[in-house]
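Two complexes come next, and they have one chain in common, chain A, joined by chain B in the first and chain C in the second.
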Partner chain A sequence: MNPSAPNARTEQIEIDASARWPVLAFFGSALLWLLLGGVMQLAAAMQLHLPDFLADCAWFTHGRLAPAAQNALVYGWGMNAAFAFGLWLMARLSATTLRHGGWLFVAAKFWNLGVTLGVGGILAGWSTSFELLEMPRFVGLLLLAAYAMIGVWAVTTFSIRNTENVFASQWYLFGAAFWFPWLYAVAQVMLVRTPVRGVIQPVVNAWYVHGLYALWFVPVALAAAYYFIPKILGKPVSNYYLASLGFWWLAVSSAFAGGSRLIGAPVPVWIPTLGIVANMLVVVGVVIVALNLLGTLSGRYAAARASLTLRFILLSVAGFLLAAVMNLALSMRGFAAIVQFTLLDGLRDWLTFYVCFSTAMFGAAYFMLPRLTGREWRFAGLIKLHFGATALGVVLMIVGLAAAGWTQGRLLNDAAVPFADITKALSFWFAYRTVALAVLLLGHLAFLINFVGMACPFNSHGNAPATFRTPPELGLVKGEGHA
Partner chain B sequence: MSSNDSQLRAEQSGASDDSIQQVHAGLQKQKPEKADGYSMLPLVLLGLMCCAVFFGSIYMAHYSLRFDPLVYNEHANRAKPGATAVVALTRAQLGKKVYDTTCIACHQANGMGVPGQYPPLVASEWATGSEERIIRIVLHGLNGPITVEGKDYNNVMAPLGGALKDEQIANALSYVRASWGNNAPEVTPETVAKVRADTAGRTAFWTSAELLKLP
Partner chain C sequence: MKNGLTLFLGAFVTLALSWGGLLLTAQRQIGSLSQFKDAADEQLYPQPLSGLADQGRLVYQDLGCVTCHTQQVRHEGFGSDLARKWGERGSYARDYIRDQSVLLGQNRLGPDLRNVGSRLGDAKPAEYAEWFYRLLYAPQSVAKGTNMPAHPFLFDVHPVAGRQPSAHALALPSKFAPGPGLEVVPTSRAVALVAYLQSLKDTYDYPIERSRNTPAPKKGGH
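On to the complex of A and B.
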């Protein structure tokens, strides 16, 4: 159970080799969706300040393009990236190889077939009216079946683990592996297969949307943060005895928080109230996670800055905290009355999905992919461009959308201001958002080029082989790793 | 950006997976050593949890509105449906019952009396005028001619001082003085008791001439 360091290193190489092709398949598809979804998102954003843009083509009208972009990003980029990272980390921390990876390859094909049909279906006009469930009916079953194969792999890899102990990242991955099918299957049955009636529909939809972000994307991002911070700094997580409490506290309280999206909606008032109270309780879990992660980073920021992975993870942790603040703020009825249905409202999910989750996946990729392919990244400039564009784009989006949303909310609540004037006042901010999204997309393009340069079997001779020193044992330095 | 680009490329790890798991398994079971005798963190966290639960419970109780599936507005009435509350009634409202059993036979439900027989109470200078006079009329009755609203009446009103308590008299008079457009101040039981005491020896009916001498 306690092999000497060289043996451990050999085992890791075997694990990475077994995970190589499934993970590359998932991550490659994820990046293609990231770019495709980003282009659609950019086009949809342009339509808000250039109304003529693509307006004559039914397939690319805003009502189809916007949900198609959202679904491509969430199910194409988000889920694929989470599968790639989650399977790799589960195998690593379970100290076992990813068995029979060929089946995962098949599952990846089916998942991406489902997403393709779904996004195409939305563009063709067959979408449902439910947020994040817009894909046509038949796609749901396909996605669930593909997910079953992927989720089972994560769970069986965990169950045949060769380790005595289980680390925090594994709790989050294991939990998320069960929460997603639960959320998705319930939402599909209650909204698409045998639809419930009346006001229950938005309630189920809000529960699903919130759950998908808080119980799938956030746990995967936290799994990355809990793993990479001690892994790269070589320092144990601070106050780790609190981590399990934080995990359960977040899991239970955020499962009830979906109702807070329905403030002011025509649903029984106890449902939003329950969601608001749950968002108040979430704060405790967020504080514990912050104590763990920021406590570990404190005093080591110079070391963290030197690591590209940790730079992205830092962004991700900041996004996690900001998203929690936004959730709490939007749960305040007075604040929601102003900013609901504005650009600021959209910032909440974007913070969770992009700043918290996506940046964590970028960070993970910079650590994981050289180990899987055994090669260095090819273009150092593109790496810098990717991080720079991401950091700049995130700041632009947060500052801009916050200012724009507040302005928009104030104007919308003023009965003396005609609606057309609000649209005119906001056209600058819509253009601004297009620019911010374009900056982010530029970074993604740089990342994709670098990924192709590294992973493409035909064009990899330019890359130097990567060398990794044998990692030292994690030690408890006196006075460190403790409070 | 880092001065050394090679650092930006292949990330090196600072700890092996195996040791990460072993060290953290140990950390999970033991709290950090107390640096200087006492650790504030668990206490602060417990305080935060208590605050969140306490404030959340209050908020829930206040805005869940009994989990009623039909209540959509957080500012809706919080009382249980069907709940009864004590409503304070005015003397005028209480007096209607006395008026309806005692006075209504002559003065009628609309307070208009019977023309030529029983004088009206609506807009009557007597009913809305001096308390002293009308209390006396109710206590000991009235006999003989009386002019009300410019019309003459000559009839008898029975004494009611023995049948009605002070409070009933006060309520009935308050009802008369506040109904049908009348808007005179209400009569209190204390005033009735005082008049009853002042006129304790009297057995005869009042006449309008006697009453007009009173203030």
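On to the complex of A and C.
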């Protein structure tokens, strides 16, 4: 493999050791938010078919609970997990240790303080009601300050790299690290601090929401896919010469795609049109990424299925492709006219955030955490439960939301159907969605228990490998070559 | 790609282009739309919100009504918003310049609210307010079959005994009333919210907007 493999191995152990505590701090908080956000999301979903549930308390009225859950998941789980994974991978690929990790610890505390105040603020009634920017205005600065420390660490680690080449995962991580603070700061200034007038507000909001998904969560997920697929399969990325084109193509086109969320809205028509064109251009980038990733996988699916990490990554890649298809479909005016504002409309962001991003983080965690702690996972059954629940939940959600959204859209477009009848027709699907979310939550709970079992210092070593059938070359003790 | 600087500049230019191209251009185009003075009645439209209604807008924001309700009427030929009588016309950008926060919304789990202030037609404002109060206190009492949650925390429930009954108490059907000897009185937050909801009506049709927002003729027409 690598002539200096023993040296590289030592280096890798050092890198992992330097990243251990910051990553565990971020990932531990991420998992707590995943569970808390999941519980709130479940409760909010129940309120749609049991309207009396928690209705008496202003803190838990549906209009507050649903955005609070979404914010807890996006900023609590999503961002923390992305920080944990991104910092670790950046250090590994730059072949340098993560220095002065203590500061990252401080940043983690501040970030989580910000999210706690933000989610609490929404429940307490300080919501701004702008999608994904609902947190009260005083939280924005706190989050940006905490992020500054984290983002600077990623960029510094990159700039003191000890490697000749810069790998695709690093482009995506670097880009994301840079784009998020800009998107967030602009949105905070233009919507919360000194609000722009009139319908520019929804334009800024759509730009931010689309940017957050397409220029932060998707790049982090793709960084994971570009790293783990070739690494675990032990072969180079196929058609790698196209990867940089794919990166720039995706970045430029999806940066303009936000307007597609405003089809039919009272904004100048060039804004949605530009978004529609951009969404069509995104397809080229998606095809290139698919050529890279699926090309590497082709013929090796059996090996990929043996690795738990790759199973999750496969789900993530499928989510990436499906989300692109959904974005494209929702850009078609005829389709948008029917399903706009329905549950199917919501499926687009769920596919990006959960199926593409979150599953990639699960896969990454199953690879990364044993190496950071030097222990194996404790409960093999819980690993299987987590993967099974995630796969089942994802299928249930996609099928359910698609069917429900289509029904809802068709009824909404038939002016002869009274509104109460639409609610009645959807009540089954609301209950169905609660069940699907509960299945996913069960998987998350299993994951959390396993995480605690591994990270808790007062525990005997576990022995559950993160593989379904252990291929001999993938054991933890053997060398993995260079990062 | 080996050069960190290329990566940095590329990432910078990417977002700078989208920020400038999308947000700044939009801001230049419609960021300073002004009120329109009607030649006939010499009034400026859209008319500003009353102070009470603007407070109600804050209640609307803090309760997260936007989670389930949109505030935009799509134009003829795109969806059936007009057929559902959610407005007399599609919404224009100019309608929103009076709003401090513009909450177009993403979900229609409930009906659109952009013109909810004119939905009951000719009902008197007081009757209309009563309808909204009942909707907020006990949604089923006016909208049977809805899954809208009740908002009892916007109301005070107190015993009538030993005091003069409130003039603002709701007249609820016994099925939804809290019990004998108790009356339900809207709090100031409920009053503000209802004032806001009643202010939601884009009934004025701007002559300058009508032509701009008409869809292009279909192919084959002239």
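One rule holds in what follows: the second predicted complex is superposed on the first by the 456 of 483 C-alpha atoms of A that agree within 3 Å, B and C clash if a C-alpha of one lies under 4 Å from a C-alpha of the other, contacts with A are read in each partner's own complex, and residues count from 1 in each chain.
Just so it is clear, a contact is a pair of C-beta atoms (placed from the backbone, for glycine too) under 8 Å apart; a residue touches a chain by one contact, two chains touch by 3 or more.
Everything quoted here is computed from the prediction, not taken from an experiment.
Colleague: Does chain B (first) or chain C (second) touch A:L183, or do both, or does neither?
Modeller: In the superposed model, A:L183 contacts chain C only, not chain B.
Colleague: Tell me the contact category for A:G299 with respect to chain B and chain C: first, second, both or neither.
Modeller: neither
Colleague: Could you say whether A:D52 touches chain B, chain C, both of them, or neither, answering first, second, both or neither?
Modeller: The answer is second: A:D52 touches chain C but not chain B.
Colleague: Could you say whether A:G102 touches chain B, chain C, both of them, or neither, answering first, second, both or neither?
Modeller: Touch status of A:G102: no partner.
Colleague: Should A:W126 be classified as contacting the first partner (chain B), the second (chain C), both, or neither?
Modeller: A:W126 contacts chain C only, not chain B.
Colleague: Based on the superposed arrangement, let me know which partner A:S244 touches: chain B (first), chain C (second), both, or neither?
Modeller: In the superposition, A:S244 contacts both chain B and chain C.
Colleague: For A:I276, using the defined touch cut-off, is the partner it touches chain B, chain C, both, or neither? Pick first, second, both or neither.
Modeller: So A:I276 only meets chain B here.
Colleague: Does the superposition put A:N165 against chain B (first), chain C (second), both, or neither?
Modeller: After superposing on A, A:N165 lies in contact with both chain B and chain C.
Colleague: Output check: A:V203 vs chain B and chain C. Expected answer is one of first, second, both, neither. What do you get?
Modeller: So A:V203 only meets chain C here.
Colleague: Across the two complexes, find the residues of chain A that touch chain B and also touch chain C.
Modeller: 164-166, 244, 266-268, 274, 333.
Colleague: Tell me, which parts of chain A touch chain B in their complex?
Modeller: Result: residues 2-3, 5, 8-9, 12, 92-93, 95, 163-168, 227, 230-237, 239-244, 266-270, 272-274, 276-277, 280-281, 283-284, 287-288, 291, 305-309, 333, 366-367, 370, 376-377, 380, 383-384, 466-476, 481-483 of chain A touch chain B.
Colleague: Can you name the residues of chain C that touch chain A in the complex?
Modeller: Where chain C meets chain A, its residues are 1-4, 7-8, 10-12, 14-15, 17-19, 21-23, 26-27, 29-33, 60-68, 70, 72, 74-75, 78-80, 83-85, 90-97, 99-111, 139, 143-153.
Colleague: Where on chain B is chain A touching in the complex?
Modeller: 1-2, 5, 7-25, 27-33, 35, 39, 41, 45, 48-49, 52-53, 55-57, 59-60, 63-65, 67-74, 76
Colleague: Taking the touch rule as given, give the residues of chain A at its contact with chain C in the complex, in rising order.
Modeller: Of all residues in chain A, those touching chain C are 47-49, 51-52, 55-58, 61-64, 66-67, 122, 125-131, 134, 158-159, 164-166, 171, 174-175, 178-179, 182-183, 186, 190, 195-204, 207, 211, 215, 244, 248, 251-252, 255-256, 258-259, 262, 264-268, 271, 274, 333, 337-338, 340-342, 345-346, 412-415, 419-421, 423-424, 427, 430.
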